[in-house]
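Please go over the structures that come below.
Okay, so chain A shows up in both of these, paired with chain B first and chain C after.
Right, the complex of A and B next:
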C-alpha cells in the first residue's frame, strides 16, 4: 500500500485508488459531486480539487482533481490549504448560481448532498443577484419526480441511467449554462432501474414521487433494515415509516448483494403495506357469509377448538413467508400434515434447484461475483423481469472486456470515460436463449428465443460441446449446433464463466441442462445461478422434509374429507393451482383459517381470517436465491390486531401444545429451534444479530437524533406522551437514543454521519470506500460448493414440433405485475399491463388477430380473454402469456391452448 | 448495428445523402451531426417528427439525438426565418462590444434574441463562439462570417440584404 501525504500527514492508501477515494477512505471530508463509487470518475464537477506538490521543496503546487489523480508512493497534496479550499468554495458558488433557494419545499432537503457539500466548503452567503435559469419539468411516470431547476449539471444521472443501467430515453440536452436532463418528451422512464436516480442525483432534481406526494423528511422517518420481498434475490433495503405508513424504501448497502442500487419493483413495490384493504382485525365468517371482527383471544379460542385433540389439521406454508412462520406452522401441525405452499411442479423445480446448489460443485455467485463474470450464458430467463437486480449486475459483467483492455494499457478502472471510450462496443460475451426477446438483448453477443424443450436441447448441446463424455444431441439444426459451439467456446475461454437459469420456463430439463454446462466447465471460478420465483422460495425448499405431503396429496385428503381444519399461511392458493382445484380444496377442507397480510381470493374463502404483519412490521429470515439467509426487522409496529404470523402461530401453539411452544417465547428462540430441527438451515441464526446484541451496551436506534414531533404526533388523540414501545425481539429500539457509528451491515436502519446527511454518508460505514460494511456484511451463505457429486443428465428432450391446432403458452413474467405484493402498490399498479398474449406475425395472421385485438384462450377447463400483442421474437408454435398478472387466469406448466379471436376471428 | 434502410418520413433525397455519409462511418449513429444538417438543409429546421424519424433511421434513441441536436447552436429545433443572424456572445466578443451590437440589431429589426421578424426575414440568435476571436466582435449571417463589427458595419450588412442562403452542407 503506497503512502501519500495530505497536508503533511502520511496515509497508507489502497494501491490503484484515486486520491478522492483515498481521502474518503482515510476519513477526510473532501467534497465531491460527479464521482460515484460504483460509476467511477469523469472529473466533470471540479469539486474535489486539491493542490499537488512535486516534492517536499515545492511550495506552490498545482490544482488537481482528486477523483482523476491516481495515488502514488510519496505523492504530496494539500486539502486544507487556502488555494485548494478557495478553489472548492468558488466551484460550489458557481454551481449554486442557478440553484433555487427552495430547500424548505424540496424533497431532498435534509438528505441533500448539495446541501452537505455547500456547508462543508463554507459557502454560506449567496452573493449572486442575477436572474436564475428556470426550466420546464417533465412528467417521467409514477415513480420519479422531476424538478430541473435544482440541477447542478454533474451528469451523474445520465452516467447512471445510460452508461450504468443501459437506459436510452434520458439524455443531457442543450449546452453550457442551459443543460437540461430529461427525456425527449414527457413520458414514463423506460428503465426498470430508474428509481435509483433518486439516490444517484446529489440534489433534488429526481426525487421519489410517491414520497413527494406524501412527504416526510429523512430525519423524521423511523427506519429499519429490511430485505426486499419482491423477488428471490434478497436485496437489502431500508424501510422508512411515519404515522404508521411506509413512506419510502431506500437502498441498504450490501457489497455482496445489491451494492448501491435497487430495481423499481423493490423500491416502490413495498407500498402495498399502506393498502387500506389489508385486514386489520381477526374476522370470523358468520351465517350471512360476512366477517365479524372478533377479539384476539376469541380468535385463539376458536383456533383451539378447531385444531384441538381429535381434529385432523393440515397446513399450507408459503414461499413468501419467513422461515420462522413456516417453521412454527410445521411444528404446530406436524411435518406429515405440512406442505410448503407450492404446487407439485413448482415444488419439484425448487427441490431440483436446491439439490443442484448443494451437490453440483459449482459456486452460486453473489451479485458482486456476477458483476465480474467474463462470459455469461442465460437459459430460459428474461432476467430483467424475473430477477431484476441481476440484470443490472449482468450489464456490468459485459464490461469485463473493457476492464481487461484497460488493464493492458494500465488505465485505472475508475477512469470511467477512458475505459468506455477504449472499449467502445467491445463486450464480454453474454449469450441469451430465452422464450422471447429480453431487456438485456442490447448488450448480448447472441440472442435466441425457443420453446423450453429446445432451450434444454441447446443447453445439453453446449454441455456436450464442452465435455465429450456427454451424449451429443441428435437432430439439432445446424445453426443451433454452431450456436452451441460458439457458446461453449466463449464459456471455455473465460476465466469466470457464469451459467444462469431458473424456474421461469417451468422446465426441469432447462435447469438440468444449465447445471450440466456448469459441471462440464473446468475453471475453478465457474459459477451457476438460478432465478427463483419468490423471496423465500429457496428457504422453504431447504425447510422441506421428505415426509411432507405434496400439494396434490393435501388436495386429495381434503376432497376425501380427511381434513377438518386447514391453516393457510400468507399464500394465495389461486396463484398456485387451477381455480377449480383450489375451490374444491378449500370447500372440502372443513374449517379454513387464513393468515395473511393482504386480502386475497384465498382469504375470502376462509372461515377465520387472521391479519398478519407485513415485512415492514415484522421480523423474519428469508433465504435468497444465492442461499443467503438474511434477516429483516420491523420498521414500525403493526396496527390493531395485526401481528407477525409467527406470533399468531406461537400463541396458537402455546394454547394447544404448551410443552412444545412455551420454550419459544421470543423470535430468536424460534429461529434457533428452526435451525436445530433443520440441518440445512443450521446457520440461520447468523443471518442478523439477535435481540441481545448491543453496541457499547446500547441498542441501535430506529430514529435519527433529529427525529421531531414525537410528543405531538398523537396529540390530536391524547396530550400525554405515550411510552415508546419496547422491542424485545430485535436489537433495534423505537427511539432516537442508542448506538451510533460502526455496526454490522444487517443493522443499518439508515445512514447518517456528522456533516453527511445524505445517503453518501454510507462511506462512513464502509471499511474503505466501496468496500464491505466495516461491521460485517449482512447475511450468511448457507450453501458453499461441495465436492461434486456425480450427476447424470435427464434423458434428451423430444424435438418440439409446432402444431396448428394449439400454441404452447410460454410464461412471460413482468417486473411490474407478475409479483403478487408489489402489484398492489399504487405507483407500481399504474405500470402493470393488463393480461396479454404475445403472438408472432405468422401465428397472428393465421388466427386473423392484430395488435390490440382480444383473443380467447382455452385449455383444460379454463377460458380467458386477453389482449393480443404482436412480437416476432415468439418462437413458432408458441405464444407468450403474461404470467401472474392481476386478472389473468393461472397458467399451469406446459399448457397448450387453442386461441380464437374474441369477436369474429377465425378458429385455429 | 445497421441503419434502418427505409423511412416513411424522410424523403428519398434525404435518405440517399444520409446513406452516403453512413457508407464511410463505423456506425450509423456516428453520422448523427451530418444527418441533422442534411435534414435541416432540406426542411430549414429539425422538427420533433424529423428528429424521431431520423433517430429511428440511425438506430439511436430520440433523447440521445436530441442531446446532439440541442448541443449545437447551428441546428435549429424551431422554425427560423429566411436568414439567421448568429451573433457571438463569447468572452472576446463580449469584451469587444457584444452588448452594444445586440441592442443595435434588436432595435433595428424589432426582435430580441431567439425571435424571428414579423416578415419572417430574420431570426436573431446568440452563438457561443464562431472561432474568430482575433477579429471580434463577429457574427454570421446565413453562411457568411462578418468580422470587426460595429454599428455602422452592421447597418451596411443588413441594408444590402445580400447574403448566402444558409443550409449548404
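Right, the complex of A and C next:
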C-alpha cells in the first residue's frame, strides 16, 4: 500500500486507485461529478482538482485531476490549499452559470449531488450577470422525467446509458455550451435500465417520474432495507414511504449483488403496493356472492371452525411469499397436505435446479462474479427479460477482454476512456442460444435461436466437445457442430467461464445440458448460474419435502372431494395451471381461503379472503437464484386489517394448535424454527440481524434525523400525537432516533452522511470506495459448491422437426408484464405490451398472416385470439407468445397449438 | 465602609422604584384596547398568492423541514399547467411556536407570519389549520415576488426561455456558435 501525502498528512492508500478514490476512502471530502465508482474516470468535469507537488521542495505544484491521477508512493498533494480550493470553487461557479432557479420544484432537491458539492466548495452567490442558456425537455416515457436546464454536462448519463448499459437512444448532442443530453426525438427510453439515470445523474435532469408527480423529499421518507420481488435475483433495494404510500424504490448498495444499479422492473414495479384494489379487510363471501368485511377475530374464528379437528385441510404456498409464511403454512397443515404452489412441471424444474446447485460441484456466481467472467454461454434464456440485472452484469463481463488488454499495458481499470479505446470492439466471448433474439445480441460473439430440444442438443454437443467421455450428439447439423466446437473452445480457453441457463425454456434437458457443460469444464473458477422465475422460487424449492403432494395430486384430491378447506397463500393459481383445472380445484375444495396482498382471480374464488401485507409492509426471508438468503424489512405499517401473512398464520396456529404455535411469538422464532426443521435452510437466520440487534444500544432509525411533520401529519385525525409504533420483530425503529454511522449492509434503510445528502454518500458506509459495506455484506449464501456428486446426463433429445400442423408455443418473457406484480404499478402498466404471438416469415406466409393481423390459437380445450408480430428469429415450427394470453397465463411446456387467421385464413 | 455602600445601593433602588410611579403604565386594556403590532410581528401563519393571483406555495417542503416542532405537513402534487402545488397543507398551531423559521426558509414567500396572535380555542383540534384556513387572497407582505417568473421550469403561460434572465431555448441542431 503506497503512502501519499495530502496537505502534508500521510495516508496509506490502496495500490492502483486514483487519488480521488484514495481521498474519499480516507474520509476526505473532495468534490467530484463525472467519476463514478462503477464507471471509472474520464476527467470531464474538472471538479476533483488538487495541486500536486514534485517533491517536498516544490512549493508551486501544478493542478491535476484527482480522478485521473494514479496514486504513487510518496506523491504529495494539496487539497485544502488556496490554489486547489479556488480552482474547485471557480469550476462550480462556471457549472452554475446556466443553472436554473429550480431547487424548490426539483425532485433532486435535498438529495442532489450538485447542491452538496456547491455547498462543499462554498459557492453561494451568483456574480454572473449574463442570460442563462435554456433547453426544451423531452418526453422520455412514463419512468424518467427530463428537465434539461439543470444539466452540468458531466457526461455521466451517456457514459452510463451507452457505455455501461448498452443503450443506443440517448446521446450528447450539439456543441460547446449548447450540449444537450437526450434522445433524437421524444420517445420512451429503450433501455431496461434507464431508471438508473435517476441515481447516476448528479443533478435533477433525470428524475423518477412517478415520484415527481407525488413527490416527497428524501429527508421525509421513512425507509427500510428491502429486497426486490421482481425476479429471482434478489437485488437489494431501499423502499421509501410517506403518508402510508410507497413513494419510491432506490438502489441499496450490495457489492456482491446489484452493486449500484437496479432494473426498471425492480425500481418502478414495486408501486403495485399503492394499488387501490388491494384488499384492506378480511372478507367473508355471503349468499349473494359478495364479500362482507368482517373483524379480524371473526375471521380467525371462522378459520378455526373451517380448519378445526375432523376437517381435511390442504394448503398451497407460494414462490413469491417469504420462507417464514410458507413454513408456517406448512407447519399448520402438515407436510403431507402442503404444496409449494408451483405446477408440477415448474416444481420439477426447480427441484432439478436445486439438486444441481447443491451437488454439481460448480460455483453459483454472485452478480459481482458474473461481471468478471471471461467467457459466457447462455442456453435458452433471454436474460434481459427473465433476470434483468444479470444482463447488465453480463454486459460488463464481455469487457473482461478489455481489462486484460489494459492490464498488459498497465492501464488502470478506472481509466475508462483509455480502456475502451484500447479494446475497441474486442470482447470476451458471449454465446447465446435462445428461443428467439435477445437484448444481449449486440455484444454476443454468436447468437442463435432454436427450439428447447435443439438448444439442449447443442448444449450436450458442447459438453461432449469438452469432455469426450460424454456421448456425442449424432445427427447434429454441421453448422451446429462447428458452433458447438467454437463455444467449447471459447469456454475451455477462458479462466472464469460461466454457463447460464434457467427455467424460461421450461426444459429439463436444457438445464441438464448446461450443468453437463459446467461439469465438463476443468477450471477451478468455472461458474454455473440459473435464471429462475420468482423472488423465492429457490427458497420454496429448498423448503420442499419429498412427502409433499404435487399440484396435480392436490387437484385430484380436491376433485375427489377429499379437501374440506383449502388455504392458498399469496398465489394466483390461474397463473400456474390451465384455467379449467384451477377452476375445478377451487370449486371442489369445500372452503377456499385466500391470503394475498393483491386482488387476484384466485382471491375472487375464495369463501374467505384475508388481506396480507406486501413486501414493503412486512418482514421476510427470500432465497435468490444465487441461493443467497436475504431479509427484507417493513418500511411502514400495513393499513387496516392487512398484516404480514406469517402473522395471520401464526394467529391461526395459536388458535388451532397452541402447543405448536405458542413457542413462536416473534418473527425471529419462526425463522429459527424454519431453519431447524429444514436442513437446507439452516443458515437463514444469518440473512439479517435479528430483532435484538443494537448498535451502541440503539436501534436503526427508519427516518432521517430531519424527518418533518411529526406533529402535523396525523393531527387532522387526532391532535394528540400517537406514540411511535414499536417494532418488536426487527432491529429497525419507526423513528428518527437511533444509531447512525457504520452498520451491516442488511440494515441500511437509506444513506446519508454530513455534507453528503445524495446517494453518493454510500461511500461513507463502504470499507473503501467501491468496496463492501463496512458492517458486512447483506445476505448469506446457503449453497457453497460441494464435492461433485457423480451425475449422468439425461438421454439426448430427438431432433425437433417442424410440423406443418401445429406450432410449438414458446414463452417469450418481457421485463414489463411477465411477472405477476410489477404490471400493477401504473407507470409500468403503460409499458406492458398487449398479448402477442410471434411468427417467422415462413410460418406467417404459410398461414397467410401479416404483422398486426389477429390469429386464433387453439390447443387442448383452449382457444384465444391474439395479434401477430413477425420476428424472423423465431425458430421454424415454433411460435413465441407473450405472457398472459387471454385465458391462459403461462402454458405448460410442450404446448403445441394450431393457428388460423382470425378473419378465416387457411388452417395450418 | 461596606455597610455604607450597601445602604447607598438600597436607597438608590428605592428612589428608582419611586420614580416609576410617575412614568406611563405599559399595561393595555386588552381586549378592549388593541396593541400596535409591527407588520413583521410573528403571529398566525398565512399562505399567500403571487402577484398574478395564483397559489405561491410550490410544496417544496422547506418550511416543514425548518420547523422546530415539526408542525407543518404537506403533500406535493403537479397541476395540469405544470405547477407544483400542495395537495394538502396543514399546520398544527397547537404546536407552533411562532418562531418564523418557516417564513425564513420559504423560497417563494408563500408562507408568512402576520401580526395576529388571537388564536384561542376551547378544543385543541380547532388549532389544526388546513390549506383552506391558511390561504389569504393576496400577496401578503411581499408584493412583487413571483417564483415561477424566476425559475426555469416550464409552466402554462411561461415557456422555456421566458423566465427572467433567460436566453431563448437552444436549437441543438444548429452548429452556429
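Everything below uses one rule, namely that the second predicted complex is superposed on the first by the 901 of 908 C-alpha atoms of A that agree within 3 Å, B and C clash if a C-alpha of one lies under 4 Å from a C-alpha of the other, contacts with A are read in each partner's own complex, and residues count from 1 in each chain.
The working rule: a contact is a pair of C-beta atoms (placed from the backbone, for glycine too) under 8 Å apart; a residue touches a chain by one contact, two chains touch by 3 or more.
Computed from a prediction, not measured in an experiment: that's the story for all the values here.
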Figure out whether A:176 sits in contact with chain B (first) or chain C (second), or with both, or with neither.
both
Looking at the overlay, does A:58 come into contact with chain B only (first), chain C only (second), both, or neither?
neither
State whether A:708 touches chain B only (first), chain C only (second), both chains, or neither.
second
Report for A:220: first if it touches chain B alone, second if chain C alone, otherwise both or neither.
second
Which partner chains sit in contact with A:101 here, chain B, chain C, both or neither? Use first/second/both/neither.
second
Per the contact definition in the header, classify A:185: touching chain B only (first), chain C only (second), both, or neither.
first
Do chain B and chain C touch any of the same residues on chain A, and if so, which?
173-176, 180
Which chain A residues qualify as touching chain C in the complex?
100-105, 109-110, 131-137, 147, 149-150, 173-176, 178, 180, 212-217, 219-220, 242-243, 706-713, 715-716, 718-720
Listed in rising order, chain B residues that touch chain A in their complex are 27, 48, 51-52, 60-67, 70-73, 128
Provide the residue numbers of chain A that touch chain B in the complex, in ascending order.
162, 168-176, 180, 182-185, 425
Which residues, counting only chain C, touch chain A once they are in their complex?
58-62, 64-65, 67, 69-78, 84, 90-92, 94-95, 107-108, 124-125, 127-128, 130, 147, 150-154, 160-161, 163, 165-170, 172-175, 177
